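Should a chain be cited, it is by its letter among A, B and C, assigned in written order, with residues numbered from 1 in that chain.
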Amino acid sequence: MSSAFDYAPAPESRSVVDLAPSYGLFIDGEFTEGTGGGLRKTVSPATEEVLAEYTQGTAEDVDRAVQAARRAFEKWSALPGAERAKFLFRIARIIQERSRELAVLETLDNGKPIREARDADLPLVAAHFFYYAGWADKLGHAGFGPDPRPLGVAGQVIPWNFPLLMLAWKVAPALACGNTVVLKPAETTPLSALFFADICRQAGLPKGVVNIVTGDGSTGASLVAHPGIDKVAFTGSTEVGKAIARTVAGTDKKLTLELGGKAANIVFDDAPIDQAVEGIVNGIFFNQGHVCCAGSRLLVQESIQDELLDALKRRMATLRVGDPLDKNTDIGAINSAEQLARITELAAAGEAEGAERWSPSCELPGSGYWFAPTLFTGVTQAHRIAREEVFGPVLSVLTFRTPEEAVAKANNTPYGLSAGIWTEKGSRMLWMANQLRAGVIWSNTFNKFDPASPFGGYKESGFGREGGRHGLEAYLNV
Amino acid sequence: MSDRLSVLKTYKLYVGGKFPRSESGRVYEVTDAKGRWLANAPLASRKDARDAVVAARKAFGGWSGATAYNRGQILYRVAEMLEGRREQFVAEVADAEGHSKAKAAAQVDAAIDRWVWYAGWSDKVAQIAGSSNPVAGPYFNLSAPEPTGVVAVVAPQDSSFLGLVSVLAPVIVTGNTAVVVAAERAPLPALSLAEVLATSDLPGGVVNLLSGRTTELAAPLAAHQDVNALDLTGADAESAKELETAAADNLKRVLRPPVARHRPSDEALRAAPSDAVDWTADPGTDRLLAFLETKTVWHPMGV
Amino acid sequence: MPTTVPAYGKEAAGRLASMADVTASDGALRRFLHGLPGVDAVGLQARAATLGTRSIKTTAKAYAIDLAISMIDLTTLEGADTPGKVRALCAKGVHPDPTDRTAPKVAAICVYPDMVGVAKEALGDSGIHVASVATAFPAGRAALPVKLADTRDAVAAGADEIDMVIDRGAFLSGRYLEVFEEIKAVKEACARPDGSAAHLKVIFETGELQTYDNVRRVSWLSMLAGADFIKTSTGKVAVNATPPVTLLMLEAVRDFRATTGVQVGVKPAGGIRTTKDAIKYLVMVNETLGEEWLTADWFRFGASSLLNDLLMQRQKLSTGRYSGPDYVTVD
């Protein structure tokens, strides 16, 4: 960074967020106390400051929530689609109105840069509700028969990387199709879901249609195992996804899973190089790399490796790591001590296995959970950092010589969520897109999301799609 | 009544386009509905199942990469070849299921027509399952279905031919390759179908047919890490649960038995789940869409 | 990476000579320019937009405002220009804010060739350069001898800097070597009898070149021909400087220096009217090129009304209250 033109701190104000000291569970339209699970603390990962206490939901709490959702289902599913649509439109609008507050809240609880919460998460959250609102009265035209029916009560478990956006991906299509939901937000990021409960209140959503039960993994396990739910939707790790698949085996619960990834971002020698560098950076450092579809394996054509790595390092040196609330921060805090430990362990394994580690010089804050943007070169397919999902700001660089080799390496993983292709040659792009076994292919771009665009994985990255017309299927009896 | 002694057929497995005996050397006795001996069918082993998966994986690249038109032509060719051997299949189905000639003929005719129905889907399924997505930005965004990969199919137990065709054709028409466990008590129509497939320009390995004990063969297929999906149509409720649990190890796509999907409360159907299905009814697109992945491609639009 | 020399220094010619093979023929030049990496328009625009979201406040803003003022080529290019108008502009360039002598002076006054003498006299020893447009500005539609005479005339009248326009017609019809040779000839015409030379800015009129690929190609072509600065626009067409085009040109000078060691400046011109806009450009320079380019020697704004907005923002920062147009001078 230039020393002459230092950007002065530009912190977003916290005053727009009014946090209560502690939160109950949102069941049947009101906040209620838990039944003995006690309280947990949620901290700001940037400072380790306790933001609030929230309730550890028990199996009994889950049962209350499922019963509330079941009671609400009859009326909600019988409501004309146009009326359900209007509730969702209301929610979308209220999210837009409160987007600044929600963005700051998300940044506080998650550690992501306010720039991303403001410019990526929140606009997508509102757009998702807006998109699915429009489907609620058009389901007969969606290609699932003239009168597709909702499933019933959906149990939804979401991760901590995009707390409110993942809520939107789950709740919006479920409600549009006429289901009611019990949602379990992640252990480290419960707050935006609890604020969403207030948005449901403002929108006048009938009680019991949306229930929020906070807690740790055991709460989620109680939810997916509950016999009273008809649908399980989970976004999170592949390991937990497999456990959930075992839990629902032999039942009639419909299941969709959006799990891990180890995406290849493939750069050919004819790539638009400056944009490719931006795409690589956006692919792995967006949201601190806490992205299931992150482009964590850079596959670069050997003939341009040096040129590309020089450009990439130069660009990485301009990344601003620090206070997530500062409007100029590019990389915020790692979400939790546990996640930081995992990233640290895998990065150490990368070094131990002989890959060369590089990070730009950057000063990390003294408190909180931080990890500098990191590049590993000399990585091979055999290295752990090339196979395991790091879920952090760590990029592994591998090389290839021919398109066939790029495809073979890119597909050589149990995952199959996303992939990137950088080339100016249209026919090669289309050939590559055809060969790659992944659910989302970004060519000459990366990490783009839209409610109209189906998202989801091949192989161990899960099954089912979220977004678009395809996303309706998960919540209809088809 | 001629006094000529007829020549009996030795029924074999169909793996990788070849007709091997079971590597185990085992056979089991297949009888007709009245208990009369029909043939000794191969009693396939776990290793046969493994070999079938290897063959199916090897065939996947070529078959999924073939043009939809080509796949449609081949499926239509299967119908043509079956038509020519209609009488043989009528006899086998009648024996296997205890049907009258007329009823068996109706089953075979429906099965031939089913190949034609699915053949036509080859170059149309992408048009009903795909979409052009109007994203809020300067991007071309298209979603298209692709085959899931290697699909293990537990064929219906009660409908040894029409049921088999009804679950097999939708799997392969979209580009998947299949390892099929034929109806345990009535595998002969399936093994004869293999002879038709082998002479219909279908590349070897696209369909692999195993006869034997369903539970013995389904378990290794459900657990196999190189199988992408599992069709449990012919599994009973108890084993379906075990198989689905095993399938979770590599997150196979699982198509549950019909009863679990539609009539979970009917105890009678739990015992014989595929009886829930009227195989002569309009098959719809459910099975066609069950073993597809949706791939979404983004590309910027700019000058 | 080769050591850095300024484009206007004596050593630059030798560095460019090392690239002589790519300009040896029309074919060679075409192959070279078409072999440059492509530009993805959407990605370029997205990057420029993201940089535009930087929040520059308090001390950083004060720094940026003064830096922006010091980088302005304060411009009047009207048919109605008179000596009086030019003198007034020069006075403003020396002391932009009559109420606050700490305001920095601008980098240059930019005028038509016939006004160079007036400006030179008015600026005296202020240190502010006189920049003159030349080569049949803004259309550039004249025979080469006329363009060269135009240039020599301005240099003889005392111009420190020449802002030439390229022949867009020749470029768009693929006659790259012709454009290259013309820039070289104008560069030679910038020479003074004493062996020094006016600095040459080469205007692309990017709004007429349309594609980003063209902008990257013309940037390299011009730098190979000896441009000291590359400049977006004349300010006389519908589309002038934009953040993505300027970002692309910043990337071009960065890559050119990495290849040849020759440092070239960048000047966006036309349409930059507000402090907010100017700061976005400085952020782009800062994060693309770094502080080596963050001086008036290597980055300029071609602007007129921008200065008053910068001055009003400057007054706001120093007094805490919003200023108004009556508190800055109108010339």
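As a convention for this text, a residue touches a chain if its C-beta (ideal position, glycine included) is under 8 Å from a C-beta of that chain, and two chains touch if they have at least 3 such contacts.
From a predicted model like this one, the values you see are computed outputs, not experimental measurements.
Once CA atoms are averaged chain by chain and compared with the all-protein CA average, the nearest chain turns out to be A. When chain centres are defined as mean Cα coordinates, B lies farthest from subunit C. The interface with the greater count of contacting C-beta pairs, when B-C is set against A-B, is A-B. Per-chain CA centroids place subunit A at a distance of 44 Å from subunit C. With centres taken as mean Cα positions, subunit C sits 70 Å from subunit B.
If you average the CA atoms of subunit A and of subunit B, the two centres end up 37 Å from each other.
Residue positions of subunit A with contacts to 2 or more other chains are 444-445.
In subunit B, the residues touching two or more other chains are 137, 139, 300. Under the contact definition stated at the top, the residues of subunit C that touch 2 or more other chains are 40, 42-43. On the side of subunit B, the complex with subunit A involves touching residues 128, 131, 133-137, 139, 141, 143, 148, 228, 237, 240-242, 244-245, 247-251, 253-254, 256, 260-261, 264, 286, 293-300. Of all the residues in subunit C, the ones that touch subunit B in their complex are 40-43, 45, 210-212. Of all residues in subunit B, only 137-139, 300-303 touch subunit C in the complex they form. Put simply, subunit C touches subunit A in their complex at residues 37-40, 42-44, 46-47, 53-61, 63-64, 67, 248, 251, 282, 286-287, 290-291, 294. Those residues of subunit A that touch subunit B in the shared complex are 127, 143, 238, 241-243, 245-246, 249-252, 257, 259, 414, 429, 433, 438-445, 448, 450, 452-456, 458-460, 462-463, 465, 468-470, 478.
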